[in-house]
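Below are two complexes that have subunit A in common, paired first with subunit B and then with subunit C.
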Partner chain A sequence: MNDEELANNPFLVLELGATASRAEVERAGQKLLAQLAIGVSAAKSYRTPVGVRERDESKVRIALSALRDPEQRALYELWLSDVDGDRQVVPGWSGAFPSIGWRAPCTE
Partner chain B sequence: MYGIIALVAVRAVVYAMGKRGGQGGGGGPPTEYKPFVVRFTGYAVRAAFLVLAWALRRDLSIGWEISFVVWGAPSLVLELLLIPAGIPHLAYYFTRMMYPFAIFGEPRGRAVFNELRARLRWGWLLAPERIVELGRELVVFNQFGSDRAIGAATVAARAQLDALAGNHEHARELFSAVQAMDWRHASRAARVYSQAWLLADAAHRGAFHEVVRLSLRGPYTGRRWFMGAAARRILGQSGLEQNWKLVGRWLFSPGKRQSFGFLRRALATTSWPASSPIEPGLPGAKRLSFELMQLPKGVPTRSDVARLARTWQTVLDSGELNQSLSERRQALNASFDVGAVAARFERQIVALLGELVAVTQPDSEPEEEYPLLLLAAMDRLHGDWFGELEDLCNSLLHNKAHVTNDLDKHWRTWARVRRLTGLLSDVLPERAAWIFSSVGGQLLNHGAWLYNNERAHTLAHEIFYYLLTITPKDDMNRGTIVKNFRLST
Partner chain C sequence: MERPLYLGIDLGTTNSAACVFDGEQLQSIRTAGGETLTPSVVRIDARGNVSVGARAFRFLQKDPDNTRGEFKRLMGSKNRYRFSAANLERSPEELGAEVLMSLQKDVEAQLGIRPQRAVVAVPALFELPQIKATSEAARLAGFERIETIQEPVASALASGWSADESRGAWLVYDLGGGTFDASLLETQEGLLRIAGHDGDNFLGGRDFDLAVVDWLIARVAESSGIKILRSEPAHASAIAKLKVAAEEAKIELSRTANETTIVIEALRVGDREIDLIEQPLTRAELETISGPLIERSVRVCERLLRSQGVTQLDRIVLVGGPTMMPALRRRLEQAFGAPFGSGLDPMLLVAQGAALFAATAGIDARAAAQSAQVAKGPRLWLQYPAMTPDTSPFVVGRALDAGDGIKAVRFSRDDGEWQGEWLPLDAEGSFAGMMALKRRASSTFNVEVTLAEGRTVAANPAKITLVHGVSIGEPPLARTIGVARADDAVAVYFERGSPLPIRKTFTHRTVENVSPTADYALRVPIVQGDFPFAHLCRLVGVIEIAASALKSSLPAGSVIELTLEVDRGGALSAKAFLPAQDLVFERVEQLLAPATSPEKMSELVAGLEQRAAVLRGKAFREGARRAVAALADFEVTISSVRSDLDAARGGDQDAAEKARRALIECDGLLGDVEAANAWPELSARVYEEHTFASHWVGLYGNEQEKRALSQCMDLVERALRSRSASEIERQLRSMVRIRLSAYFRDPQSWSRSLDHAASESERATDPVKAQSLVRQGRKAEQAGNRAELERIVRELWQLYPVDQEERGLSFNSGVR
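Moving on, here comes the complex of A and B:
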């Protein structure tokens, strides 16, 4: 389980709690799909314990499909937590390369 | 004036020596000397010029004096004038002239390396056409009957070009291989530069746990000493609580003006929040997992991860997980196999612990008994890295394989091998001893093949040099490795 797998938990993508009923899951999914289709900006991202992530239609569809399967749903429920907050990031040192005389664009 | 004429005359003689060897216009070696001998001959020649400059200081004019000093210590001109001022063409030709093949080897690689350093001083000097030309220049890799033209500076130049092309992962591997090279075969300038680049790259990405690891090896430099300490301070690791210790290290590091901001940031770092007391059961284990995942990489210690593993172990052993899944199965009116889901969940926990372990520093005093889940996570990392290492080493050429003359590929493969062995030694030092028993034989045979067939003496030496550091004293192959190491030195 890495950061991405944790952030892609369908419950987080659909912004639902572990007790959401099947109907609530479908409603949340369809609502998000409709919002994404018309470009509602609030629907384009969601919060996770490891930082904000982007949301698109394919992510919502994958989440819906995962939660329709009870076995997968039970597994994802186990990874839900009430922990608040966000990943704390130590920003990089932007002057690191210039300090060694390397003044080239640092793109990977 | 006479001094300059003398410089050119001496260079012409050396050029002629190279020609007489008959292996290329002024570039080929006259005969095959051991790299160690070549290197120290170079030092002796340099020293002779400096001694002459000192002995004749009263009899010679200032022009001759300067010429002798320049011949004796050309690196001063490069490191203090041509490279810092960003004068690329002069840096290139000065290197070609002052490090002739007949005495020093690898003039082209070293010249490309120095020109790139000078160009990088000012971003606008990075003309794409010239970068392509310099890349072509390094094709010298395959021109000679041996790898004498290739040393640390040539490999570092290749790494610079990789980084400029945006291929940072390959650049990291090559720079890492250069900084670990045997000092008898590699110029200090190239090793120090490679180390500085790796430290800068890790600090730029905010990967301060990597900065800490990098600061534990490579050439001893003020930069390494300071940056390692600053990174430890940023990550809240113990040992450098007093400000004056960090300031003292900064004073001994190069580029103080540019690194002042970094020093201030390290000094201003406050400690990271300690994890909260663990609630019993599944919610507590999840809470602790998220808390550790939310901390920056390198902040959680190996003991924190062991604590998390112990918490999860308690949850799994208590049967709470299976009970919770059974309840959910009933609530969802489903018919899945609880045991199978629990097993998948356990694999996910092991993967999570593996992610955390991979960025922690090993304990100076490892716990006597790690929890089973943590051992499983270590086994997983071990399997991933050893699997790739063994595949790589099994594909290495040996014995009677045909000559390929593809030194670029050999160096890159070796850099990858060193990257994987470095990861194993850094993260799982207690298992690093297995490297030799797993791939030592293949590396030894590959080194011998490189030396005998491919005539890649420098690279073969690097392999024997590394093998010497990991071979157990009582191993039957140790004698052969020592013999090969001496032969290639």
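Moving on, here comes the complex of A and C:
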């Protein structure tokens, strides 16, 4: 998996952990879409372990669609855990989640 | 006017309807004549005057040359309708636009507002060009914006699907004038989605009428000796008269009567005339005539439930006039044992649901200027969902005029039961807050702001309304879409069922050198279908990059980035980017329904029948009951094709189009039987891939991959049981993804790939370059540089040639 695929992980786009419920996914998407519609600058970018990325409406919609489909979501959960888990794509990643205010993902 | 206005439109094959929703109540729009239905019929007289609906419908038999109906089926095709008296031609979209304009006028007459935005329902099985044509019709009618919704979703919304519906499946049985759609719906966490759909593009109320017409023709021949022929242009007006009589009789027998008499006076058949036809028809006779058609629809439903593994239905939603037939309702009750729901009008459900959806999507019918509220107070720009399944949605907003000096914003529910915190404005002047909605009701909030001097005043807008209700998932994609590669494989971009809108970009490589002076175009074929081989899928569009458009020669193996995008309405757009030359090619040639001549189609029928004969022989020898049943379906459909071709030779364009589609369906039916014959091969592939995947996931997989693989296997087993080849293909693709994810975790994986590529380096289009790459690869391997090794192996793969035969099968694709 390359950096861009990693950065486009819908969980990162929506700033959610892998355990987010369906309702939380919808709410996060709805809030971001609304913020983008009125041009809130904080909504226009997001942090990923491979750097800051731009975010637009279509990116949010694609992320929402991906997490609405249980099969696709399972794969993204898997790849998100990959980031944090045995592959260690980015050194020092373990601190990234708490730094932007999420609970640590997949601590099973 | 403070209330929002949401407009839903059902642009039907035979009848259209409109409905409005104001956030609380649904209201049907009535025509000037007081009817809730507008016949989808357009007439243009000798002076060019256009009439629509009931007024045009009266001329449908009297003056068929200047009066047209049933044009929805031809939307998105190249066909044009002639109006001979006015000497005009109109496209199906232009006629659709006339009907939409008539509905627009009725809304204005009833509510005093000319709607600018609406939601228009389209059949679940509409293909991309047809959806595009529907949007085009709305644009021609002067709508500034429309969204489309799939009809079954609209019907379910209108028949009371609610966010509280936790589990369970609903079947939407939609028997319209010309088509039959069966859709299976389910909710997950308050989100409604189509789990699956199936249908018959050639089964509708019309076919029930035609079955009665054929029966009538036989009775007339018995009593008068006059043979009325569907293939004879001179008999067209007689057939039209019989059709109307048949429909009236059918409706009468659907209500109360046990027997009716069909009376037709002065029927001209060519140069002869029959003074009077008086033919009694009993309900029992009608049921015998329509029985086979009802059975066909039940078989479609059974096939759908089987493919989704559903055994228990919670409800059946009946849509369309023909579902009033008592015999049909009895048969469905007997077959599925689920309740129908009461007090619903099967003719208006679709329009009602479309209006409810307009509320969900926040598509207010009023033009932007009209909906802006004229009020005082500091102006806020607010964004929030008008209807949502979430009881705690966010409202976000910002101050429009910095000079107002707003410090904070507060929302209070007007029933006094809930009040939010004061929300401070950030440096940009924006804020966000969570609301609390009343369950399954509409909640209005007062909006207040505090100003710099400490004063609290009402904001502009002073009130906002949010409705807690069902929200529907984005409409899913009906079929898998991908790019045909030169080796006859398909690069899948979007899986069937993916929610829309969706967009993806993949990188491909070109397969041959192209010089700007060549008379050649690089083709990127876009295909639709669930098969792993491009030639089995249907071509929906091509990006052609003409050699003359290139800045310089494009060597084989050049990078080409393709982006495919499908919007909510299903319109597909494609973009190709050549980074080396900084060129972008945009455009999809939407495929139009080709105007195939009846003669050509007759040849196709003969070919299909030969194929069927071979399959039938095999099926009987092997006692394959499923195949025999499928071939019986084929027999029924192909015989309707034959009679439609007769009518097409008599000049009936609609019958020609119907025959063309039925032929595609027949081809698909035989394809399924042939796929079933390849079943042993497919199960062998499942076994092989499963062994492969278990091996690698067992060695290098993590917990998630193990879980994903076992889940995938469960789905494959379900698909094996229901014998769904396309679902197995889909699951195989996901199994390969899981396997590769584990495989490439093996430190040796890229080294093995390099060994394999090196062993075939003499096959490469450029063996010298290949060998040099192999040497570089070995160096990277020794240095332990995995990323470099991966890059080199990928580059090596591009040097292997494409088999020309495979390329021909793959719509001459120029990429891989």
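Here is the rule we go by: the second predicted complex is superposed on the first by the 80 of 108 C-alpha atoms of A that agree within 3 Å, B and C clash if a C-alpha of one lies under 4 Å from a C-alpha of the other, contacts with A are read in each partner's own complex, and residues count from 1 in each chain.
Throughout what follows, a residue touches a chain if its C-beta (ideal position, glycine included) is under 8 Å from a C-beta of that chain, and two chains touch if they have at least 3 such contacts.
Treat the numbers as computed from the prediction; the structure is a model and nothing was measured.
Novice: Looking at A:P49, would you say it contacts subunit B, subunit C, both, or neither? Reply first, second, both or neither.
Specialist: It touches subunit B, and subunit C stays clear.
Novice: Does subunit B (first) or subunit C (second) touch A:A74, or do both, or does neither?
Specialist: In the superposed model, A:A74 contacts both subunit B and subunit C.
Novice: For A:D3, decide between first (touching subunit B), second (touching subunit C), both and neither.
Specialist: After superposition on chain A, A:D3 lies in contact with subunit B alone.
Novice: Using the touch criterion from the header, give the chain among subunit B and subunit C with more contacted residues in subunit A.
Specialist: B
Novice: If you lay the two complexes on top of each other, which residues of subunit A touch subunit B in one and subunit C in the other?
Specialist: After superposing on chain A, subunit A residues 71, 74-75, 77-79, 81-82, 85-87, 108 contact both subunit B and subunit C.
Novice: Sort out for me which residues of subunit C touch subunit A in the complex.
Specialist: Residues 188-191, 381, 383-385, 388-390, 392-398, 428, 430, 432, 471, 473-474, 497-503, 702-705, 707-708, 711, 734, 737-738, 741, 745.
Novice: Residues of subunit B touching subunit A in their complex?
Specialist: Contacts found on subunit B: 83-84, 117, 120-123, 126, 163-164, 166, 168, 193, 196-197, 199-201, 203-208, 234-235, 255, 258-259, 261-262, 265, 272, 282-283, 286-287, 289-291, 293-296, 321, 324-325, 328-329, 332-334, 336-337, 340-341, 344-345, 348-349, 351-352, 355.
Novice: Subunit C touches which residues of subunit A in the complex?
Specialist: 21-23, 26-27, 30-31, 33-35, 37-41, 58, 61-62, 64-65, 68-69, 71, 74-75, 77-79, 81-82, 85-87, 108
Novice: Which residues, counting only subunit A, touch subunit B once they are in their complex?
Specialist: 1-3, 5-6, 49-50, 70-71, 73-75, 77-83, 85-108
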